[in-house]
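The following pair of complexes shares a single chain, chain A, combined with chain B in the former and chain C in the latter.
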Partner chain A sequence: MLHDFSYHRPSSMKEALDFLAQNGPKTAVFSGGTDLFVVIRAGVAKPAHVLDLKGIPELGKISWDKTEGLSVGACVTINTLTEYPAVREHFPVLRSAGEELATFQLRNRATMVGNVVTASPCGDMGSPLMVLGGEVVLASSSGERRMPLSEFITGVKRTLIRPDEVVSRIVVPPTWAGAVGGYHKLKRIKGHDLGVVAVAMVRKENTIRCAISSAAPTPVLLPDLAATSSVEDVQKKAQSMISPIDDVRCTKEYRSFMVDIFIKRLMKELEAAA
Partner chain B sequence: MKHVKFTLNGKPFEREVLEHRTLLHFLREDLGYTGTKEGCGAGECGACTVIMNGEAVNSCLVLAAELDGAKLETIEGEAAADGSLTILQDSFDKHHAVQCGYCTAGMIMSAKDLLRRNAHPDRHAVIEGIEGNFCRCTGYEQIIEAILDAADNGAAAEIAERTKGGDNA
Partner chain C sequence: MLDQIPASELKHVGKQTRRIDAVEKITGDATYVSDMILPGMLYARVKTSPHARAKILSIDTSAASAMPGVRAVVTGKDLNFKLGLYVVDKDILAREEVRHFGEAVAAVAADTLEIAQKAIDAIKVEYQELEPVLYPKEAIKDDAPLVHPDLGSYSYMEAAFTPRPGTNIANHTRLRKGDIEKGFAESEWVIEREYTNPSVQHVPMETHVAIVQWGRGDKVDIWSSAQSPFTLRNLFCVAFKLPHRNVRVQVPYIGGGFGGKAGIGIEPLVAVLSKLAGGRAVKLTATREEEFSLLPCRSQLTYNIKTGVSKDGKILAQQMTMYWDSGAYADYAVNVTRASGYSAGGPYEIPNATVDAYTIYTNKPFGTAYRGFGHVEFFWGLERHMDLVAIAIGMDPVNFRLKNTLKPGSLTLTGEKITSHTGDIDACLKTAAERIGYGGITKEEEALAAKTGRKIGKSVVGLHKAPAMPPFTATAVIIKMNEDGTVTANISLTDYGQGTYTAVAQMIAERLRFPMERVKVAFECDTDRDPYDWQTVASKGLLMSGNAAILAADDLLKNAYGDAAQILRANVVDMDHDAEGIFVRHRPEEKVTFRQLAIGYVYPNGNGIGGPLVGVGRYIAQGLTHLNKETGQGHPALDWTYGAHGMIVAVDDETGEYDVLKVVSVFDAGRVINPDAFRGQAIGGMLQGLGTATVEGYIYDNRGHLLNPSFTDNKIPTSRDLPFEVEAIGIECPQLDGPYGARGIGEHSMISVAAALGNAIQHATGAQVTHMPLRYEDVWRAINRKEPVDNWITRSPFGSCKSNPEIGKYQCD
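Entry: the complex of A and B
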């Protein structure tokens, strides 16, 4: 059973933003609802209103352009994203991570935007978006702002979003288009569990970029490394930047250990693919 | 309350729904369509899987208020009025893919959706197709065999035929 809230489905951005300007603090916006209705059901969130973004046509759009890059609207589902030809062609790391997220049914509803707004340390889209330099576009009735995902996510389930704002889309600049890439995730069972720890990596020309999930309050992006770096160098850098904890899913030692293993596997894999 | 118009297994419906009602509870408690089951109520088990606008979804995480204009398919739309089973259902029966039956409605909906996307899935594709559905009884093997065998026996063509006939979508 869910508590008694009212349901709104605006059909334009203006209507949605006007509503949030008035009712923002008492409202939860949603697209897939695969995070929101779980926390509502658990009594953790008690919004007076829920605002369904799926009636706003522009938020359902995904597009690719050589200059702007990839633009993914707030209501684009993970299944649409991983099937999208430009994602398959230019950003294999996004596809690899998207396919690891939850289950097929959930991916028919879950969105990349919802995933990063939830800002769970074990969310699957944070680290791949960080290696690609993904940016979040926020809209409110007073205008638009845009910031790198690495600034947007500030802590465990904390972001810089204001109650009167929505994330309208995520933009992935073309900088890393064509990079070979992969995402390795440790979990107990596919679909029924969030990641225990995960590593995203891309490699283009002479550079490697790597980010780690579930090993600190936010995804950790390592500084760019030369493609000629040794596995040990990358592992050492990673270990100096993560701060894994013990929790119900595993110990911090196991997390650290698996970060090293995934770095080794990914470096091999990307070297072979490059 | 919110006014919604939708089709359920090909039949038009028009209802006032509670705005905080999940699709799962709306089906079971308001419409009396109790074939769809509630396991976890939180997206994990797949017992509540239905097909909405041609896509498998967990009905426990969808609101009934989202139904306006939707085409919904549930397990009640599978067997014919005279009780004769679809090829897919028949195959579950033959392969003993049902023990307690609690997961079955969700399994059938996921399998139906899979066969629509992929008429001849291999074993791996079947496993992926039901990745969101728990079964605590069968150990999955009989379910996988039932789906593979149904595919060999023309289940996808039957599903396509019934969809065209407006029977369930």
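Entry: the complex of A and C
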């Protein structure tokens, strides 16, 4: 059962941003709703307004060019993303992570931008976007700003977004295009589950990049490492940066252990693929 | 009955048959209580306790009552009715003290669900928290605080149960067979270990839902998603002191039950709201989260087994102690304790045995019936233990089992003699072993192990279960012929997914020699229309209602033959029938059709004889007795269905991750009535069992808050979690008093699956896990001999809840 809110569906960016300039703090922005309506139903969020972005054509766009890279609008669903030819060609890590997110049905609704804005430590798109150097584009009636995802997410469900802003799109620069990559996620069942712990990794030329989810308040991005690094070195670096917890899903001991396992498996996998 | 008819002579029984409810369920045409809206209907919501144990100091409902659209507000103070199946220990709403997290303390009926929820939010309850009783083995100590200080004043079913006033023991089932001391003294080995499982939730697709209208003259109409309409009516009438004819229970299609809808649930609360709201219909639909703590779950169990074995591997003595955590109320848990108690040794002969099974009150959501009725829980321990003993004494686990199985002439724990027609457990075990290639590794398995680095493990486990029911359990079926010669059967056993109605229709069609299209078993049940059935539980429906249906078909034929004998002026012994009608055997052209007989035969001049054709079949369990309360001796079992599972797993011994490659489930069904339904039940139950084996289970903090009351952290298996390969095989050693020789298998498919997994993982890796579920981490810890995770109650005062924002606020308030 949902509490009462008023529903708005603007048809232009300007309309949406003007609305947020007026009502931002009392408004929840809505595209897929796969997180939003769970928290509203649970009584955790009680927005007075729900602003549906799906009427704004430009937010449904996904595009690729060699200069800017990949641009994914706020309303682009995970299934659209994973099926997009440029994603398949240039950013296999995004596809790998996208296909691990929830179920096919939910991926028809859930968006990459929503997954990132929710900023859950176990969100599936945070760590793969971080290894690719993904950037969020924030829009408000006073203009646009842009920042790396690693700066944008500041804590558990905390980001630098202002109440008058939306993340209009995420840009993945071409730097890591063509990198082989993979995403390994520990789940409790083979069907859909949150990530109990997960590791994203890419490898291009002589560098590997690795980020870890569900092992700290935010996804953890490791500094770039030489592809020749030993598995133990990468594991050691990872362990020095994560701070996993005990909870009903897992102990911190097993989370730490599985981070090492996933690093080992990914390094082997990416070496073979490279 | 009819058990000796060879399969070749049967047209419908034993043949693949499409379920009679398939089309309406697949298309969405079937109506469930969840779908129903009555004119003027109000919506109810419930206020639940955030504490496991607390005194209710005050409840302020004034703001809720004042809200426009609120039609009724009720608290425990207003309700002086006690409910209970076996021990009458539960108030409709908590009075004075709450006894578990999620217990209902107040309720509201309003014009809309939204108003009802707002009113609930506006109710203010002041509590004084008390120290909760959480650990069953501590709860039976003398100085433990009492969950029910007034236990001595409660009424209970004295023929079967033994609540102990002044303690937290709601029941103690005792069984004594032979001389246990002598048995242990003669044993070469004595091996003891303890096994545990957590509470789990049934998770029916349709949550608990009821609509009740308390009309003028105390006439009450109930529509409920309930398994047992007559037991619901009976308990309702007893609680409210109403004559049975005043109360009508209707049950349309049911979206699953698994035991969780067997008794009485939310109906009395909804009834009270309807009465307070001036007789308007009121509907209450439990949310998914409420299913986990407002509604009951499956009890947790601690099972200690001590086994004495002779030099040559024969079990000589077994001491079995069960601690059943009933939670706050006794509900079905006392009977789970009883049924598990007399069955606790499994399908094995144990000459000297003791069972002490305790049902223990604690401050947790209460336990109820759940598919298997205790057997899934204790067979986890028992079949893990059988492997432990076999390995310890250096015997192959399957051979050890085969050496000890019940055979014709063996005596069960209660002293019942096994006969050649009880069933064939050896055939089940051997078939399962053969179908998984037990004792060897195939080339494909070897290749898989080499490719993935995983270790292959194989296991075979046995199981048995008899229906847990009163010795005098009864049912009836009425078959009515329609004007066109088709028939409609009325039955109040419910079909909430098992496929029993299709099997009953097959048997009626077989007996009447009709095509299936001419037989309807009416799906919706109605206590005003249908004949009595005790309950839809215990895997007894096929046997008992099947027999009643055969008898009803025979009765209808007897009436039809009687009319035909007059019309054809022939002797009944010289007559026979086909699908069309009844004829004289030596002059087949002398025939009267069923259509002509259906509502009474009419002569050309207008005279009529006979009358509408009906058939009544009554069936009651035969030869069963209460059990002696001191020794547990007696005859509790309508039938024993034996079974076995064979399982192959591939385990990563570095991480504890595993895949279930294959499960073979074998049941001695007596006769498989519908091979499709048999397979459906076998696979469905196996996967449900695998869910509880791999991932399900309640987790509490040390204040008794349930930390995972939703699908976020109480996962259940999905279609992707099916084993890669599944087989279901029926053994057919006929049950002489079963319909066409059949026995039930509905619950059996879930039993021992967890032990099969535990054993296979142990064979692959050496990991010794004694607690369910077996999450990857648990396996990893066991492989590495690390201390197990405390699965039941986390150590921090607020559990993991505060540190985990993913868990919503409804989970730990």
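Assume the second predicted complex is superposed on the first by the 271 of 274 C-alpha atoms of A that agree within 3 Å, B and C clash if a C-alpha of one lies under 4 Å from a C-alpha of the other, contacts with A are read in each partner's own complex, and residues count from 1 in each chain.
Keep in mind that, in the parts below, a contact is a pair of C-beta atoms (placed from the backbone, for glycine too) under 8 Å apart; a residue touches a chain by one contact, two chains touch by 3 or more.
Everything numeric in this text was worked out from a predicted model, so none of it was measured.
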Report for A:Ser230: first if it touches chain B alone, second if chain C alone, otherwise both or neither.
neither
Figure out whether A:Phe257 sits in contact with chain B (first) or chain C (second), or with both, or with neither.
second
Touch check for A:Thr175: first (chain B), second (chain C), both, or neither?
neither
Name the contact category of A:Asn108: first (chain B only), second (chain C only), both, or neither.
first
Quick one: classify A:Asp4 as touching chain B (first), chain C (second), both or neither.
both
Per the contact definition in the header, classify A:Gln22: touching chain B only (first), chain C only (second), both, or neither.
neither
State whether A:Asp52 touches chain B only (first), chain C only (second), both chains, or neither.
first
Per the contact definition in the header, classify A:Leu194: touching chain B only (first), chain C only (second), both, or neither.
second
Could you list which residues of chain A make contact with chain B in one structure and with chain C in the other?
1, 4, 38, 42, 190-192
Under the definition above, what is the set of chain B residues touching chain A in their complex?
2, 19-22, 25, 41-44, 46, 49, 55-58, 60-63, 65-66, 68, 110, 128-129, 131-132, 134
Chain A - residues contacting chain B, complex
1-7, 9, 32-34, 37-38, 41-42, 50, 52, 54, 102-106, 108-109, 190-192
Residue set of chain A touching chain C in the complex reads 1, 4, 38-39, 42-44, 120, 122, 156-157, 186, 188-194, 245-251, 253-254, 257-258, 261
Which chain C residues qualify as touching chain A in the complex?
113-114, 117, 287, 654-655, 694-695, 699, 707-708, 712-713, 715-721, 775-777, 780-781, 786, 789, 794, 799-800, 803-810
